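The two complexes that follow have subunit A in common; it is paired with subunit B in the first and with subunit C in the second.
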Partner chain A sequence: AVSHSQITRLYSRFTSLDKGENGTLSREDFQRIPELAINPLGDRIINAFFPEGEDQVNFRGFMRTLAHFRPIEDNEKSKDQNGPEPLNSRSNKLHFAFRLYDLDKDDKISRDELLQVLRMMVGVNISDEQLGSIADRTIQEADQDGDSAISFAEFVKVLEKVDVEQKMSIRFLH
Partner chain B sequence: LDYQHVQVPFEITLWIMLASLAKIGFHLYNRLPSVVPESCLLIFVGLIMGGIIYGLNDKSPPVMDSDIFFLYLLPPIVLDAGYFMPSRPFFENIGTILLYAVVGTIWNVFGIGFSLYGICQVKAFHLQDVSLLHNLLFGSLIAAVDPVAVLAVFEEIHVNEKLHILVFGESLLNDAVTVVLYKLFRSFCEMPTITSVDVFAGVGKFFVVGLGGVLVGLTFGMTAAFTTRFTKDIRVIEPLFVFLYSYLSYLTAEMFHLSGIVAIIACAMGMKRYVEANISLKSHTTVKYFMKMWSSVSDTLIFIFLGVSTIGENHEWNWPYICFTVIFCLIWRALGVLVLTFFVNRFHVNTITSKDQFIIAYGGLRGAICFSLVFLLPDFHRKKLFIAATTVVILFTVFVQGMTIRPLVDLLAVKRKRESAPTVGEQIHIRFLDHLLAGIEDISGHWGQYYWKDKLEYFNSKYLQKILLREYDQPKSSIVLLYEKLERKHAIELAEAGQLGHAPSHPSLLHSGFLCSNNNRTVIMDKKLEDTLNPDVLENIQEILARNLYRIRRTGPAYNRHTLPGETEPMEHAKEILILRHKNL
Partner chain C sequence: LLQWATLRIERGAKEKNHPLYKPYVNGIIAKEPTSLEEEIKEIRRSGSGKALDTPEFELSDIFYFCRKGIETIMDDEVTKRFSAEELESWNLLSRTNYNFQYISLRLTVLWGLGVLIRYCFLLPLRIALAFTGISLLVTGTTVVGYLPNGRCKEFLSKHVHLMCYRICVRALTAIITYHDRENRPRNGGICVANHTSPIDVIILASDGYYAMVGQIHGGLMGVIQRAMVKACPHVWFERSEVKDRHLVAKRLTEHVQDKSKLPILIFPEGTCINNTSVMMFKKGSFEIGATVYPVAIKYDPQFGDAFWNSSKYGMVTYLLRMMTSWAIVCSVWYLPPMTRQPEEDAVQFANRVKSAIARQGGLVDLLWDGGLKREKVKDTFKEEQQKLYSKMIVGNHEDRSRS
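Let's turn to the complex of A and B:
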């Protein structure tokens, strides 16, 4: 569970972002954060906060999205498997990232979706052709069931050597 | 020929000319700066010049006058550093920086002082007459890490932002400690007896020097901001105020025996945000360019003079003492960094890795400050020994450590890489996750000591802005300003090209005007990539990705001596991202 001090801190951040002071954040409130403007994935990250089709997010939703990025504590790892999986488990973290790729929500990263993300992350010196072959290569490496797209299981497999728990955890300074 | 009349300005100009021509010379031959850091080359030039002068006049060449160094050569460099210091990472890590600067320096001073005293006890070295106090005095001037040297060398190695700011911040702030200890031991040398009251007075003095410096700096900074509020009608002299007030803060602090370096940094950091809001865009560019120019010239001159002053009869070469000085400097710095990092890592989650520790310890270069301080020592019979030891230490750190730090860092990095070469997919997804996390962290805003920043922001918006800013507006961050500037430029260029509404495709972004594309970009490879399983093709892809994937903000150095903030590579990427997003809107 999230500690009391962390909740307080996040709440004060939420209120400082909420310029309209109506208890919810809109997309404009997020876009006001300058560092997000130069983050290649800025828009997608902002969208991840808003539930399907809505334009406002309240504190609960805000916290819920951020809860994915809580570090996995050691004592949680040995918890029993019967309860619901916590939001910040490795699988859920990866699922969050997967959803940022998979815009049409068909549980597959198609070549086009991959191309879109690649184009956002790479400079302008790369031609469309080269980008296409990079995307092809990526899909080729990951694809195991031959559907020329990356499913969630394949995505997880590609990242099995990566320390996702550490990479996708906000390092709260104590 | 009326040489006497123009001698002094003429010679000064000639020296500066020599320095600048030397700089051009190095950059003409492209490979050299990557192998040998510029500072080494400059010292080398100085050595040659010194040798020539010695040969011609048959007496020691002019030694760099300590006054010239402290009053004219050092302030521009420190001002440049303070003005362009990225305040966010600096204040985020201020605790660690202060710990290294204060505790680390004190540790080094006493460590080196006492161990050298131990060496002096050995009868074989004929050093018995060097007392403990003298050794401590020497320790205090040799222990301090020098910002000029550190900056010069760190440009060659690409370290991440946090590390860069740690070493750099430490080198700037340890001046306060050095000043206090140096003056303390010097006055102790002259006093017949030392009581504990004197020692406590010394400790108290340290706080006075540090905090007093900050106060003086902030006062002048606020005054500068206030002055620029009224300069709307005389834009031409606006840049002058920035320099005048900063220099005044330095001189005033030195006058009161406070730390001038700390004062000028506080002044620059304090006034920056208000002055930039008040002065015109052109004045702003002028300020930035002049600062870079002056600090560049100073930097070059210092190293050349270091070289020149080495030649001559100022030295007493007692090799055991000198060798042990070098060894102890290295050992005590390494120990200090290890111990301090151990404590720091207990309190912070993002730890300082051992590779980082190595860089911090090995990157502790000594430079011209030590050199000037040693010449300021009172004349006693062992002064030349100290001068020789200082010279050797500086030359060793700049040449040996400066030249080998990059290969060593690469070696350490390579060792980790050999464990597993990431696949293309891994690389892309990892970078994707990095950007994601950076974005989430920016949203959750947890970076930094939030409480004090909030308090400061509140104080700022309630009082300071109203007094110091001419147009009281929502303060805009540099990124928003950049975006606005780009929008204006884009609109103007589209209008000029008569193409309002036409969206160019990506490759042509390179050729359109506003992407002032930088020289060292990848050449677009036009190969037909048919079979993607081909290992050659794979290597190309890896190369393309390694060079072109956008880096996250915190993995590059935040401060660069030779380029303006708007032209560094991360900023270029930022511009590209903004343009792309603008088109997609």
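Let's turn to the complex of A and C:
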């Protein structure tokens, strides 16, 4: 579980971001962080905090999203398999990344969605044609059921060897 | 005494099982200092056995941006520079206490005593001194202004300035340690320092005779400025002139070229930073071509934090907070003079000076602009990231332009 001091620290962080002092964060509050504003996928990441159709996120929602990035401790692996899957499981971490691609939330990454994300990451530096062929190649390699889109299962298969646990985890110093 | 107070809080908190807020000055999460390229290669390396030298796109690349983004949401390098530094141990001022709980009678009594001393004894004393200092400055410089230009006027002007600044230093109970005073700025030079508060000016000017640079204000500030310039040439700008960079550069250049004129005091960050880091230096002062005398100022926040959070407190509130702290303790280091080398431009020179100051003062050297306190970050930084990433998926020789 998240330790008490970690929660206190994150709450302090939440309040320092909350310029309006109303107990919730808006998208503008996130965009005020310079290092996030220059992240090519900044807006997508910010979106992940806001539930469907809402413009404010409270501390609970804030923590819930951040919980995906807790490291997977060894003792949790042997926990009760019948309980609900923890937010920071490998599968949920992958799901988080999947949702950054899958804008319309139809559980498939279409060619257009992939192109959109690619365009965000490369800016103006690559032509449409080249980007298109990169997208095509990626879908071709991942697609197994022939629907020209990447489903979550196909996504997981492509990334089965990647050290997701480590790459999508953030360690607290204390 | 203060260590004891902190231990007492910790002990009291444990006894009552209250959650204790511990400030962590070095950041709360572990961040790896690797570059975009290295990180993405690492992710790809763990995912596939393919050759890593060929540029291509991998679905897992997104992990890099995703994690970096979340890291900055949890703890970033910039936004925390615009609010007062958190202390490791409590200094009996309620403004720095994050726990706000009743812990023990002894502690509360001590704190109450502190309040009494600070507000009823120290504050009136300090206000009286400040009042004396400022009125002496205004009257003294005005009187000296009537004298004909010459050695006598200069001598008197210098001593009036120094004396009044020293009174103001006492008014704040500033305990200053000057280091390497042999490197003090000379005529025709520019003195640059990191900026934490308006008090920086008082601290430096009480140990040396400088020409100030700044915008003319109204009110009391304006009265002081107008009086000061009668005794010796300071460089004050009208509000409209401040926007005109060429005009500013021209006037500063004229000033430094006149060797009889005093060294100029400039704070290139352009805004107050909380003294844990040095942010981007504006290149204007480094283009003039004069010798630069860097000065590092480091405050010890234990007895009173000097940082002026101008979005939270006005000038008067800020000064009152300063005068009701225990003391302002700081160290000033005069660094050896630097000049622009032929192969570096103004920006590189500015960064070199900034690094020297950061190193001496034990501050974090940041490239970020202090103006981010109020403004949005420029898009060019995002574009740089996008460019770097593009290289990783198509390499250098491919066609890069968007058709």
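In this section, the second predicted complex is superposed on the first by the 173 of 174 C-alpha atoms of A that agree within 3 Å, B and C clash if a C-alpha of one lies under 4 Å from a C-alpha of the other, contacts with A are read in each partner's own complex, and residues count from 1 in each chain.
To be clear about the criterion, a residue touches a chain if its C-beta (ideal position, glycine included) is under 8 Å from a C-beta of that chain, and two chains touch if they have at least 3 such contacts.
Keep in mind that what you see is a predicted model, and the values were worked out from it rather than measured.
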Partner chain(s) touched by A:Gln140 [first = subunit B, second = subunit C, both, neither]: first
Touching partner for A:Gly123 - first (subunit B), second (subunit C), both, neither: both
First (subunit B), second (subunit C), both or neither touched by A:Ile170: both
Contacts of A:Pro34 with subunit B and subunit C, given as first, second, both or neither: both
Touched partner set for A:His4, first subunit B, second subunit C, both or neither: second
Subunit A residues contacted in one complex by subunit B, in the other by subunit C: 9-10, 12-13, 16-17, 30, 33-42, 45, 66, 69, 97, 100-101, 117-118, 121-130, 134, 137-138, 142, 155, 158-159, 161-162, 164, 167-174
Of subunit C, residues touching subunit A in the complex: 19-22, 24, 26-30, 42-43, 46-48, 56-57, 59-80, 83, 98, 368, 372, 376-377, 381-383, 385-387, 389-390, 393-394, 398-403
Touch list for subunit A against partner subunit C, complex: 4-6, 8-10, 12-13, 16-17, 30-42, 45, 66, 69, 96-97, 100-101, 117-118, 121-130, 134, 137-138, 142, 150, 155, 158-159, 161-164, 166-174
Residue ranges of subunit B touching subunit A (in the complex, touch as defined): 347-350, 420, 423-426, 428-446, 450, 454, 477-480, 483, 506-507, 509-510, 515, 521-522, 524-526, 529, 532-533, 537-538, 541, 544-545, 548-550, 553, 573-574, 576-578, 580-581, 584
Residues on subunit A engaged by subunit B in the complex (per definition of touch): 9-10, 12-13, 16-17, 30, 33-43, 45, 49, 66, 69, 97, 100-101, 117-130, 133-134, 136-138, 140-142, 155, 158-159, 161-162, 164, 167-174
